[in-house]
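A, B, C and D are the chain letters, set down in written order, and residue numbers restart from 1 in every chain.
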Amino acid sequence: MAIKLGKNNYGKARVRLLRVVRQDGRHDIRELTLGISFEGDFEAAHTKGDNRKLLPTDTMKNTVYVLARQYPVDSIEDFCTHLVEHFLTYNPQVTRVRIHAEENLWGRIALGGKPHASAFLRGGQDRRTAALEATREGTAIRAGIAGLVVLKTTKSAFDNFLRDPYTTLKEDRNRILSTSIHADWLYEASDIEFGPLWHGIRQILLETFAEHESQSLQHTLYAMAEAVLSNFDRVREIHLSLPNKHFNLVDLSPFGMDNPAEVFLPTDEPHGLIEATLQRE
Amino acid sequence: MAIKLGKNNYGKARVRLLRVVRQDGRHDIRELTLGISFEGDFEAAHTKGDNRKLLPTDTMKNTVYVLARQYPVDSIEDFCTHLVEHFLTYNPQVTRVRIHAEENLWGRIALGGKPHASAFLRGGQDRRTAALEATREGTAIRAGIAGLVVLKTTKSAFDNFLRDPYTTLKEDRNRILSTSIHADWLYEASDIEFGPLWHGIRQILLETFAEHESQSLQHTLYAMAEAVLSNFDRVREIHLSLPNKHFNLVDLSPFGMDNPAEVFLPTDEPHGLIEATLQRE
Amino acid sequence: MAIKLGKNNYGKARVRLLRVVRQDGRHDIRELTLGISFEGDFEAAHTKGDNRKLLPTDTMKNTVYVLARQYPVDSIEDFCTHLVEHFLTYNPQVTRVRIHAEENLWGRIALGGKPHASAFLRGGQDRRTAALEATREGTAIRAGIAGLVVLKTTKSAFDNFLRDPYTTLKEDRNRILSTSIHADWLYEASDIEFGPLWHGIRQILLETFAEHESQSLQHTLYAMAEAVLSNFDRVREIHLSLPNKHFNLVDLSPFGMDNPAEVFLPTDEPHGLIEATLQRE
Amino acid sequence: MAIKLGKNNYGKARVRLLRVVRQDGRHDIRELTLGISFEGDFEAAHTKGDNRKLLPTDTMKNTVYVLARQYPVDSIEDFCTHLVEHFLTYNPQVTRVRIHAEENLWGRIALGGKPHASAFLRGGQDRRTAALEATREGTAIRAGIAGLVVLKTTKSAFDNFLRDPYTTLKEDRNRILSTSIHADWLYEASDIEFGPLWHGIRQILLETFAEHESQSLQHTLYAMAEAVLSNFDRVREIHLSLPNKHFNLVDLSPFGMDNPAEVFLPTDEPHGLIEATLQRE
């Protein structure tokens, strides 16, 4: 019986960075958490304990800080592009570099109604993400959103569904719909204004969620993804992963009360999970 | 050797609620998580297994939903007041009721620049809290904020501190100051406009953090608490618990680079923790 | 209106340590997470930004590592005692030191049925804890257990309880009882074999939970605490905090099936919470 | 521009189950958390809001409880096999079913040195996992381990590695090696004694970790995976994902002390991450 090493990769996870840019009394900050992963010629490290082609993961981490000093981290997509280019240029033993970045979003503290120049507060629940996969043939750039929690109290139904003997769910013409949006999309190029595009896509996802006459979370997912592809032609495909965060109407009839869609029990377990990719043909 | 039952309490934790108010096409939502705890005459339950004075914790949970149907949950302080009054009224065996509530904050999705009537997104990282402790003599109402994460890149020093043989920390005239504000304060009465006051206190905590010429986190904590007491006379005392979230300047000298306060390493472990109460004399 | 500084403290949280002892080819490890807190003469730091009496929290952290080099960390109670003595001896400005320690428990990997001399695996879910509170008058030493999750399928009932109009809970003569034991107890002295005692107390808590004919979680809590006080006379008082982790019997009648206590739904939200202290008179 | 629906799936996550088997006074329990996912003919649900081919995820959940009543849940692999067979049999619109199961491991409380018949405590940190992917052509069964945390204080080096200008890591001939084992492996058939095999694989992973003369975590990963494939011929391939949990030697030289590998700082951020698949040729 012969055994062979299959797909393998190694790298550094949870590399944290705060980058401050100071210009004329106005400061900007970006807080990132990065994961870096290499594929390449690492067979001897596995089978013989020969480390001569292993760049330490500690060096990957150092490189993040060195490049953060050299570049202002305008967008996470651009910063990650610098990183993959560096790693591919100086590491012939590496054939593929993957970088995942997650940005904690900070706003400015308001002072007398105006945004402060150097004091910040953490923004919403969501994070901005980027995921690059690079070889010497090219780089695929994905951007995304993680954990954007939304809820609507109108325009959501779920009925006329398939039933089997174990189905007890009631039809609902007026349910609460809530999810935590996890989206990521593939750009068709790298010469993109990543920041404005990200904000535009986030906004259209929110608006479509809000206004869609939902027959199911699948139905709304499709509408959200379609809206992004229809409005942003630099996006080649988009993937959405949407948990269905259930809010169960509380049965108050044991207490002689009705409950006209006013009192709900939010639950985390179990939850639905709806996922799909939409692409241009 | 005699053994006696000392202080004891029981109750229900993690009771979750979403309350929807629907008025003329405009919906409002409040999402709460509550904890309820009773003290009282429960000796026989402990020592003899006699449950005749134990109201089930399941009933406490039901009561939350019944009262949520009866009241619109304008503020968490008012809603918790209804709950403690109910429990004390109908449970002579109970001498003290404690309720803790935490509110997830939701904003409205913007549509064409205007807030949507029935679609929401989770707001910032922070939660609004309330903690009531009630006996038949009276009720102490505390309100608070949990998890309001802030950071400033100016006006923060830490120097001239005490040194001992194990001190290696360097003086710093220009450090990053960051914390996650946990505040709670005691109101001197119950006839208070809880909502507007909460927002006012949150704002002055933020502004004071932003503008204070900080010599230490203790120094800034005091300024923040003092600002609340000075501006809001319905607040009798305030307690702040502030982790010092360290952002360490990365040493780039091994790579022949300086680092003029641009590249930092955020860390969670270990962290400082500064706590104090300020009171009116 | 005058404002005064009330109770205040500061310190370092989440100080992590692994201590290795190497003796004749056999290694022992202890992994701790510590929190250290000072009370004392810190008014000027708060009100004037005068740091001259503030020992940096970074120094507290360094001191942990220095003392860990000097002492083998036989028990967390002994190690924390060295720490509080050090801090009180060298810091006249400090009036009270609190230290909380939590130990991750490691067992040995079995090799050919025998425990390995230098390879370990993380043990159960529970952690061993210690909490010291020290002034120049003396030190109170508490030990404890956190997160010891247990479950029994017999000998648990809950019936004959108080009912009100919102009570819907059914009586149950054969329910599942499950909790996550959080216990801490006060020793009456400091010259104690902390390790053996801790293991003895843990065992009697488990045995009492297993064998008790439970009429309620209060009833079982009392029996567990009483067993500790009855069997360990160095324990002056004990506090137990026991969440009631509900396992709901699934109603299979819609599918024409009975459910003779076989299929349950575990839930985390909401849960009961039962807490009490037992003391010697 | 045409848009098409690509890969999509939906299902239920975090379905929790406790199954009790009662035989002659001896009880056995299994606690599972399941995730179920369908692929199939769901285009109309997405594009038209036509739900007629959507079985509610609530029904998936109900089915778990119905089948748990019908079968004793001997092994998670067998129980998941029943589930996928049920879903494929009764749902012609479904082409692929994925089920992931995670089992919380419970041991028995010892009473007088003997395992209790009906009282349990949560075992180690690790969970047993299974992942099935089924079509009408066949089912791939993977089993696994999640979160098995191990540490060794001998037989671990990392040196002779690749260096670049940003490398500062020192060679280390005697470092601590620690990881949290995440393993999953593919069985070559379904007529397998899943329980005994799982325990055998877990044991050989532990033993190999303990005894291997490690030149890197890659080197040890390979040895662990090779040991499984060499000893268990029903395993076709195995994937290991191993975080390198760093324990940094604390520099005590500022305090005039050496540190002969006794005092370490455990860290979670950042960490290495080493992943590979080994297969039979």
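Rule of thumb we're sticking to: a contact is a pair of C-beta atoms (placed from the backbone, for glycine too) under 8 Å apart; a residue touches a chain by one contact, two chains touch by 3 or more.
Everything numeric here is computed off the predicted structure, so don't read it as measured data.
Student: Give the chains in contact with both subunit B and subunit C, ordered by label.
Tutor: Joint contacts, listed by label: A, D.
Student: B-D or A-D: which has the larger count of contacting C-beta pairs?
Tutor: Answer by contact count: A-D.
Student: Averaging only over C-alpha atoms, locate the centres of subunit A and subunit B and give their separation in whole Å.
Tutor: Comparing mean C-alpha positions, subunit B is 29 Å from subunit A.
Student: Report, in whole Å, the distance between the mean C-alpha point of subunit B and the mean C-alpha point of subunit D.
Tutor: 37
Student: What whole-Å value do you get for the distance between subunit A and subunit D if each is reduced to the mean of its CA atoms?
Tutor: Chain centroid spacing, subunit A to subunit D, equals 24 Å.
Student: Two or more other chains touching the same residue: where does that happen in subunit D?
Tutor: 16, 62, 66, 166, 168, 255, 267-269
Student: What residues on subunit B touch subunit C, complex-wise?
Tutor: Residue positions touching the partner: 1-16, 35, 37, 42, 45-59, 61-63, 66, 90-91, 93, 158-164, 166-169, 213-219, 221-222, 226, 229-230, 233, 237, 243-244, 268-281.
Student: Flag every residue of subunit A that touches subunit C in the complex, lowest number first.
Tutor: Residues 165-166, 168, 254-255, 267-269 of subunit A touch subunit C in their complex.
Student: Within their complex, state which residues of subunit B touch subunit A.
Tutor: 16-22, 27, 29, 31, 62, 65-66, 68-69, 106, 109-111, 116, 118-125, 148-155, 176, 203, 206-207, 209-211, 247, 250, 252, 255, 257, 259, 261-267
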